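Shared between the two complexes below is subunit A, which pairs with subunit B and subunit C, respectively.
So, the complex of A and B:
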């Protein structure tokens, strides 16, 4: 955390220490232009991160939130969550979901990107439009649509599965409850999250594909290589930076999934919690709010995301440097 | 469609090519169904009569707007929630554009130390889990009496909208012709004038696209709005929809929720479809050079 935070604090000081270098170009100009953004980020990133770090070592309840001094409890919050089997259940849910959802998002997104690239102008515009419809749908709406589709009574999916021959999908789907246990809940969650996130992957892959010279594929085809070989031999190596960025972004997004799970299974269904929901429920879910404990959970989630973000930032800076 | 594809494929004389075409049309159909079916089902469910909620016909048999009536029933407060969403998303977009344009311009056009680090930090900001921002911010906003205010939603929204905007605008600004700016300065414009008279008009399309993307991001926000507000009159539309559940005392009002979903989503979808090309360009501006 600190090694990303320090440069921000140092930047505004930079031009005051060197006011003499104003000859060719006013050196303070760029810093003045970026100052508002840095202030926003200071308030919305650095300050909360310091605060949540501090709160995770304190016992913070509703009374402390109103201004009473909080008691420092050292590592007690962390000891409590790390020693609790339930924390590890939510941790496992978070990680497993991220792995499956990211893989599915990238796979579907790439396939759709490749597909749109093959279509004619009009058709590709049509499919890209459909794909964007899914992208623009608010997560809350998507979550409600999918809970409705997978609803126990009257859900379209149960009706459809029940109508299919029993030999194919088994029987007893009519009143199947998708949100009773974690595995089916996460299955629906994955379908919903992939639905919302593959469009971004698809259009990014498509934009990348349009930069690849067609002659490369023609040459490969003349040499007798299959579509599969062309993809791994030409497309993938050329689009590797894009795939890298998409991979990291998807991991970050899927680790933080909250809205969809909040709507589908809710705060009452603790069995299906992920880290975001667990932290939220400790901090805000009950009358006896435990902000300290919620903070500790948030810190753990933040550390995981931070690790991935550091990889992303390195990738971004490297790309910026080469251009 | 397949007929067209085969006649088109024939002149090239490659049989594998036409098979590929047929396969890609099949793929296209699957994609279109996966993307559009859930959306279609929302619209269809919204236009059924409430008592036909569990009907599975693909077109609502007696067409009805009763669900929409239920959405706007007094006491639900959905109209007010839509206005709140508009205020929050609009203000967030405006603030983001003002701050983001300066920042992105500096990052794209000017040379200064720590430029890459600044860009890295701005991008990294949007990655932080919302849960780790709202606990301290709720603490702060409680102390300064901002709970149930617009600013308590707008300011935290900047944490993920601003990086998105800076990233997009940065990419747009980089693509613009440098020479024009220099030419204007040679002709006697100051840097500020060159920015106002040359760069701003050229950048307008990019700024506009960024505004749309920023607006959608802010409009769709849920967790912050859920936490910072506990008064019904200040709820945004996304929070309001989530609270429909059980508000009526009988079965889950899916029809009403779907109608509200249509109201929240359809304006965005129309804008997105109209500006499809620009939005795709905007979405991919960062990742692809």
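So, the complex of A and C:
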């Protein structure tokens, strides 16, 4: 800290002594500075990941946590889950949900970002603030509120749909069970997750938009370009890196959605499980913990996310290479 | 540098503490003198009534062990499993603990509890403990816990509606459907709630039909849901939604608390099945209607009462406790007939002593009466296999099968699949 602040205040006379002192500094300095962060990341992130990887090849229950040696079962955990037809059902749910939710999040987020950019100072601050409240809501709170909204007795959505003319939306909404079958469950889940995650996209897009020179848009307008053309011709290419990051982050987030689904439909609705819930039910669902099997599912989930991210990273590198 | 040093110190400390824990365990039971304190785990949030009750128990306990302090720690039910697992893993358990009776077998198997068979013989009141409930606390002929309080499920109904429509509390399955139909026609609300995430209640119907979820033969569990009696019961229960259409499909995939309870209290459903413990919550939702609520036992198929599952809590001495004798003394005070009844009453549960259940106190109680009647007539328990926790908790086999049948899947297929899972889960 001192070193970086000093050059501003230094007096001309002391100029000669400084470079000499700099050269004598040991090169390990920067590494020492990031050491605390590395230790924290190592303990909180890397070590658990290593543990999960190890446990996925073992049979681990509560007794093993207590110190009994864990039995190495090789690939048995993986063989069990990959050979289970149910795994593929949850896999399908996870992927389909991620595709829909990521697309919807990016779309809504971008539109809101464009909207805020157009608004005046006061209004844009108001909308941005309001949108950020949704982002700041903890998933568990959001999940409970959404299951109330879509609940049967006292649920706002059913009440509203029931109040609408039957010719428009059909009848019988008052007792409609949103969490009885996978499709409606995932519809509510998508709305909830998009509601929570689009603000981040909106704000990031907004930040990007503020860096685009206004002249570009003015020139485009003079040339008779529509808003649609301006977006694809100017905004999107310039914000491509931002959209890239947002895409990867959204994919990572939406692949591992757990809390909302757990609260909304829970363990009694296996037909609506996704990979996270499946892993949870195996590892922690009963008193007879099966951490090994749960770890294997977690590893599979991680690998999928890594794969998607890697594919994207490769795409970016290729693009940069050609341009 | 300092970081590594701190980390190293922490690591050494952890090992040292773990090591100490290990040594202490061995020395423990040898020196059986009065300790300075024992730790007791109680489930729940520690309501004022519970705290007051436990203060009384402590005073009574200290008459025998004046030097021993009792430290009560409350553990919310949803955290119980994790807390137990951590305690088993880390050796940081209590001396005495409350434990949900459905979980007892799993914890016994995981080595959480001390064998109290011998101590139980020296406890006079222990001889009147409900035999069925006690069997749930035993494994390989040894006893690891004592039943404390329990509750059974019955059918809650609106007395005023029944009166106005001229319905008598039904005594058979057909009668139940008939009553539900009548309510549905006249009151314009669903007749009965039939949630699918309700293992212990659905079992009552399975048992009443003469079936069971699984039987143990030659040391091996076999799923028996696909057999005719059980299948008929599942079809009847699911049929409340699909065939008789007296139960709405909005409770499919839910449990009795995710709708039915609230709807019953608010008069939006005719009947719903739950335990006596639901009363405080029902009153909280709509107390001014409480005088109109009544209860009748879940009927048998063609009459009589359906056997019921008794849900509740047991008390156990922790295996790692250093003061097992003192801990057991505390257990007997907490679970004395007087205290067990007093506490069960505050929770709207029933004590687990057969003679107390048959006493006039319960016979004359309009709400607790039918529950005590059901409990005394036939309490059944789920398979005493540690795999039951997977069958019931992680996999929710019966709820998912019933849900599928309610949504039009073939009962034969679903129940056969459920039995296959029983075979693999219960025999691990």
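Details
What we mean here is this: the second predicted complex is superposed on the first by the 282 of 323 C-alpha atoms of A that agree within 3 Å, B and C clash if a C-alpha of one lies under 4 Å from a C-alpha of the other, contacts with A are read in each partner's own complex, and residues count from 1 in each chain.
By definition in this document, a residue touches a chain if its C-beta (ideal position, glycine included) is under 8 Å from a C-beta of that chain, and two chains touch if they have at least 3 such contacts.
Quantities reported herein were computed from a predicted structural model and do not represent experimental measurements.
In the superposed pair of complexes, A:129 makes contact with subunit B only, with no contact to subunit C.
Within the superposed three-chain model, A:301 lies in touch with subunit B and out of touch with subunit C [touch as defined at top]. Of the two partner chains placed around the shared chain by superposition, subunit C is the only one that A:268 touches, whereas subunit B remains out of contact. Contacts of A:291 after superposition: subunit B is touched, whereas subunit C is not reached. When the two structures are aligned on the shared chain, A:177 is found in touch with subunit C, with no touch to subunit B. Using the contact criterion defined above for the overlaid structures, shared-chain residue A:236 touches neither subunit B nor subunit C, since it reaches no partner.
Looking at the shared chain after the overlay, A:309 reaches subunit B, while subunit C stays out of its contact range. Here subunit B and subunit C are compared by how many residues of subunit A each touches, and B touches more.
In the superposed model, A:142 lies in contact with subunit B only, and not with subunit C.
Of the two partner chains, subunit B is the only one touched by A:49; subunit C is not. Subunit A uses residues 36, 65-66, 151, 153, 284 to touch subunit B in one structure and subunit C in the other.
Within the complex formed with subunit A, the subunit B residues making contact are 20-21, 24, 27-28, 31-32, 34-36, 38-39, 41-42, 45, 53-54, 56, 98-100, 102-103, 105-107, 110-125, 127-133, 135-140, 142-143, 155-156, 158-159, 162, 166, 174, 191, 216, 219-220, 222-223, 227, 238, 241-242, 254, 257-258, 261, 264-265, 268-269, 271-273, 276, 279-281, 283-284, 286-289. Contact residues of subunit A toward subunit C in the complex are 35-36, 39, 61-63, 65-66, 151-153, 175-177, 179-181, 265-271, 281-282, 284-289. Chain contact summary for the complex, subunit A toward subunit B: residues 4, 7-8, 10-11, 14, 27, 29-31, 33-34, 36-38, 40-41, 43-45, 47-49, 51-52, 55, 60, 65-67, 111-112, 115, 118-119, 123, 125-142, 144-146, 148-149, 151, 153-154, 156, 159, 195, 199-200, 203-204, 206-208, 211, 227, 241-242, 245-246, 252, 255-256, 258-259, 262-263, 276, 279-280, 283-284, 291, 294-295, 297-299, 301-302, 305-306, 308-310, 312-313, 316-317, 319-321, 323. Of all residues in subunit C, those touching subunit A in their complex are 3, 7, 81-82, 84-85, 88-91, 103, 106-107, 109-111, 190, 196-197, 248-255, 259, 262-263, 266, 268, 386-387, 389-390, 392-396, 399-400, 403-404, 407, 428.
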